[in-house]
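As written, the chains take the letters A, B, C and D, and residue 1 is the first residue of each chain.
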């Protein structure tokens, strides 16, 4: 308990995640658009960017893609990969398991870089396409993770005991297997979201993703970095929001990993 | 840093020796060593150091003698006699007429479609071209053309040795001798002591490839002494310090929006005029070019030979534009502008222009396409898009883009009367008459054509403080990137 | 063991074959082809059309693929559609820089992560553990391009201590070129790895056999080096093999920022210029490397802890 | 003669809980001292104090002197490090998991030899005593390449390589079949004869009787009795029942039952087993470790699906579990051997027990809970204890909870797989009492156990399994008193450890295939 309290307070981690999240969610609603000025001026709250746009108003607009694409990708990866993993783990037919998992094994050495650059080059500036690509890159690992976690639980004597008690399928899979999978999955989601944010941001940073005038945070960092010495806020502010989100998520994930670990230890 | 040429200082006494590393925008595997296959600035710079052309372009894009000492057309401008200079190849051989004829034939070789000057030199009737003597060569055209010398100054027209086969062993008459080359990375060349125009000061020249950020970093970090094609933002940053000088060639290239005159809504001249009236050129230049440029007047080549300087500057006029749009029934309609991150400032200017058009009640929606295929896509896709052109003589620009048969006619400007008028101007041997005729044609274009040329960005070269002798000149002209005149202080 | 190797090899061959088809399909789906990429307003459409013919791009996709595949079976990776040179040369030219970069990174990462992991693991929840955890966590939360942008701004542009780009420099003449790129790649990998090693150390320290070895009088130092480390390293090694792909993503960013003519850049360039043989060749090499690394990791793990199951 | 170990007034405190209170005992060279007592009585805590070792949050007080060195005094542990290995070697409860999976056994042994006796060649001697071959090939193997029994020997060899003066053995006989257990007795007796002091911690009283010279009885951390073996409670007189040859039709019947590990009968575990249990009857199943007892039970319970042959319940075909009707499901219940693994860590034990009645008998949750609590109470598990998550119950308590969970179905057939291994005699008594009651009401039992005495007392028909086949069967009295096969004879004879006045015969030589038991649960 002492160790837990000694870690970063929950409020801090939550705040780190919430600030960018709220900016991303509510920012576009604010509809704040001051008159544009000249490139890299210090007028306004945070100055202007390379196109003379107000950096603060851009920040409000740019979170939707920066976080939305990453979160969307993780959600899709979990819907698809999680489903595959759960079905593969719970099936009684070995061939179903094999048919679902083996193709993913084949895909594993496919560099995600290639997939994403192909998608990014082919369907330039299309957020859904890039979201989907990032999601697809994550599917094999998610599927394997969920399968492994579920398999562990589903093949153990607890499930047999529950079957002996004639618990319903739903009762077994949601009540027990699902909860058993939840621990590893929750820990994984934390790091996966960070990774997805990185991936999306890197794609945008490299100019493979969104249009260069998009208000997206990563695009802002990329496009305004040559003006870093003229008007640092155009780079620092979006970078800070990105880092705040990933750092908060890392801290939350760390906390979760700790809790599950302590649970496991308690079991022994 | 200071604008303009950096060599003007009277105290500057040229000094020999040293190595200059010049960084250009890279082309990766696309970079070539064959002087007739070039298309990137970095290729051009590399080939310029090793090879030379018969004709070069002056600062106003007017042809000027280079390997050809002088030329004379016949009365119809259909047969041209070029007298060659006493130049020496790197292998010690003298330049002869045979080298010229071989080079032209090599360019025209139909089995190698990537030789870039093929189309511009198509007018050459190679079978009838001949060497008069060692130093005189007669070139015959299939159709008369008073602008022919300018075509010999186009890209991919370098003169190679007779029998030149292997492009990986370059031999030219240029100021530098080839040492090594790695596509996408670097080329190394050494001073050629027997250069006819006076041997270079530099001992070694390295031409490196890198993107804009790396060019800036390399220059600032002292890993390069010369960086080509820098951004206005970099110039602003660099001007604060002392280590880097900016050499700016005013208004050298052209930024424009191009409308397809045969497609709705731009098939209506009123709509074209309305859009021209909607562009806030000053703001576009201030924001997209960060003020480093000249406001355009809907014509290519401001300040070049044949440019009609007497035309009044077109200004933004929202009311008139609205009236025209209303007349055309376009108010509250949506039009898509097709752009891509293919060239610096494309998406930015499209986005900004969209805002300016929106003020008139027409929604201009920005659609971004693929950067790599944009040049090709623009020919067919979209009704309005971005266009940028490097420096070239105005007649060549018209030939390439504004005639019915032009290969890059992005505005679909196809007017038989215009074609005919242009053809008649091209055969006029009297330069004044030609200039007048070209002026008329350009006025037509400005008022009826599909080009909204909003700005002419400065061409920015950055050099480290010790580099001297760099001239401010538009790209594709003789004085741009002339490393034989540069020295290290 | 032999059966295992055969199975592994068979799977690898299938993986590579499927991968080749996939990569081909992926690149075929892209708009435009290599000939279009040469259309830069200097070549006329007519010239481009003739080039397409010469490059064989007018042939049906299936035919091109079978032709390429046949060549690969004989060890010929084909020629680039853009430069006209052998793909093998492009692979060779680009692999060097990336290899140097990754090896240099690993050379720093592995000892550092192992050391940190063990320090953290042996002082579970102590002050040192928490400090290192916080620092590595924070480091790993900063996207590599953000780190890169700020490191370059500070150390190269402001202070002028370190070179910011590989352009114009040679690695042999100035090894300092490696410092910033490696520093950028370091953060996340060290964090991921050290946490794995930490968890492995804690697990091993609590394991019955370590407790027992201590009871039988094995001194602490020896206990850590001989009993804890091999077991603690296993999750680290597996993580290392797994992070290969993520590391490559980081390498791309680093290559882009520092203008390093490496593998990732070549791959993205290949995609952008639709240079299908180059993309195919690079992917093939990459996939082989990934397979070898994974196999290597499995073998190392099996060596460290023989009970680790080979085929899952 | 002076004692090797002298413990006086040892106390261990964790917070306000007193784990061990004023414990005194001694260990003499060449003699076995036994610490006995129920689970949780403080045996392990006291023994670890000899190494100066203590659990997290535990404080040691009192005085422990080992071979003249003070290991614990009133300020707590002092220099325990000096005695570890060299003077006192401790062998933990599951020696299998005490071997480093990453190291060859030779490396582990040589390391200890170098540490404690540099320059001496002590390994071969240790291997010899532990009855392990002393060849290079063996030394180059990894722990996972040995059977469970062999691993126990390797752990013993490690302890012996240290050439300690005192050997501490913590519950060395749990889960061993009677033959293996007998071998252990022989080995320990030999060691003691060579002058080693042995401290034996066990609740297996027969084993203690067979070996110990001194006995210390612990209860709740206090010494309640000490002396020779006579302080042990007398062995309960379990009379083998004669077997009920009821004419009643069998309730559960299996004919020609074969089972395999893989599909299509590859790797068979059970071969052509026939059995029948009448209502109110009990069939006992015995056999060496790995002989297929659990597999047979799981086939009957419908959990092992890869089997052939016919199983009937009251004359009707009994399919695999997932195809059973609610009624069939209710009527046949199974109690797991690996009991801890069969409980969900996240729910309270009493809730989990009650679910059976809710799902299978359709009664309300509150009624079921009340019934669960009542059943558990009868088995000696208080409501307070049962209202905790499984991780907070001792192994014995959990074993009884698992039994209660099955009983709440009011089954007609109950399959019990070694359900008393973690229980002391009182707990076992409660279980047997309840089961006898149910038997009288007509419930049929399948009873699997290594404890032949218990089998004889509970069942009225015994099957002896060997390598998946029934090698002998009959009424317990016949099987126990007049075994017809060599295996049964050995099992029965070996089971008499500590009960016969005569010392048992030297143990038969262990072949590597004799113990196929897989790795004990960690």
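Just so we're on the same page, a contact is a pair of C-beta atoms (placed from the backbone, for glycine too) under 8 Å apart; a residue touches a chain by one contact, two chains touch by 3 or more.
Because the structure is a prediction, the values reported are computed rather than measured.
J.: Chain by chain, through touching neighbours only, how many steps does the shortest route from subunit A to subunit B take?
T.: The fewest steps needed to get from subunit A to subunit B is 1.
J.: Going by C-alpha centres, which chain is most central here?
T.: C
J.: Between B-C and C-D, flag the pair that has more C-beta pairs in contact.
T.: Greater number of contacting C-beta pairs: B-C.
J.: Report, in whole Å, the distance between the mean C-alpha point of subunit B and the mean C-alpha point of subunit C.
T.: Using C-alpha averages as centres, the distance is 41 Å.
J.: Per the centroid of Cα atoms for each chain, what is the distance between subunit C and subunit D, given in Å?
T.: 50
J.: Would you mind pulling out the distance in Å between where the CA atoms of subunit A average out and where those of subunit D do?
T.: Inter-chain centre distance comes to 48 Å.
J.: Per the centroid of Cα atoms for each chain, what is the distance between subunit A and subunit C, given in Å?
T.: 21
J.: For subunit C, which residues are shared contacts with two or more other chains?
T.: 31, 157, 256, 272
J.: Please output the residue numbers of subunit D that touch at least 2 other chains, ranges allowed.
T.: If we look for residues of subunit D contacting two or more partner chains, we find none.
J.: Any chance you could list the residues of subunit A touching two or more other chains?
T.: As it turns out, subunit A has residues touching two or more other chains at 121-122, 225, 229.
J.: Using the touch rule from the top of the page, what pairs of chains touch, sorted by label?
T.: Every pair of chains in contact is listed here: A-B, A-C, A-D, B-C, C-D.
J.: Quick check on the complex: what are the subunit A residues that touch subunit D?
T.: Listed in rising order, the residues of subunit A that touch subunit D are 156-158, 160-167, 176, 179, 263, 266-267.
J.: Where on subunit D does subunit C make contact in their complex?
T.: These residues of subunit D touch subunit C: 51, 53, 81, 84-86, 89-90, 92, 94, 97-103, 108, 111-112, 115-116, 142, 144, 155, 158-159, 162, 522.
J.: Give every residue of subunit C touching subunit D within the complex, in rising order.
T.: 207-219, 222, 226-227, 230-231, 304-307
J.: Subunit A touches which residues of subunit D in the complex?
T.: So the residues of subunit D in touch with subunit A come to 301, 303, 321-322, 326, 329-330, 333-334, 336, 338, 341-346, 355-356, 359-360, 391, 405-406, 409.
J.: Taking the complex as given, what residues does subunit A use to touch subunit C?
T.: Of all residues in subunit A, those touching subunit C are 3, 6-8, 105-115, 117-118, 121-122, 194-195, 197-199, 201-202, 205-206, 208, 218, 221-222, 225, 228-229, 235, 239, 242-243, 246-247, 249-251, 254, 261, 265.
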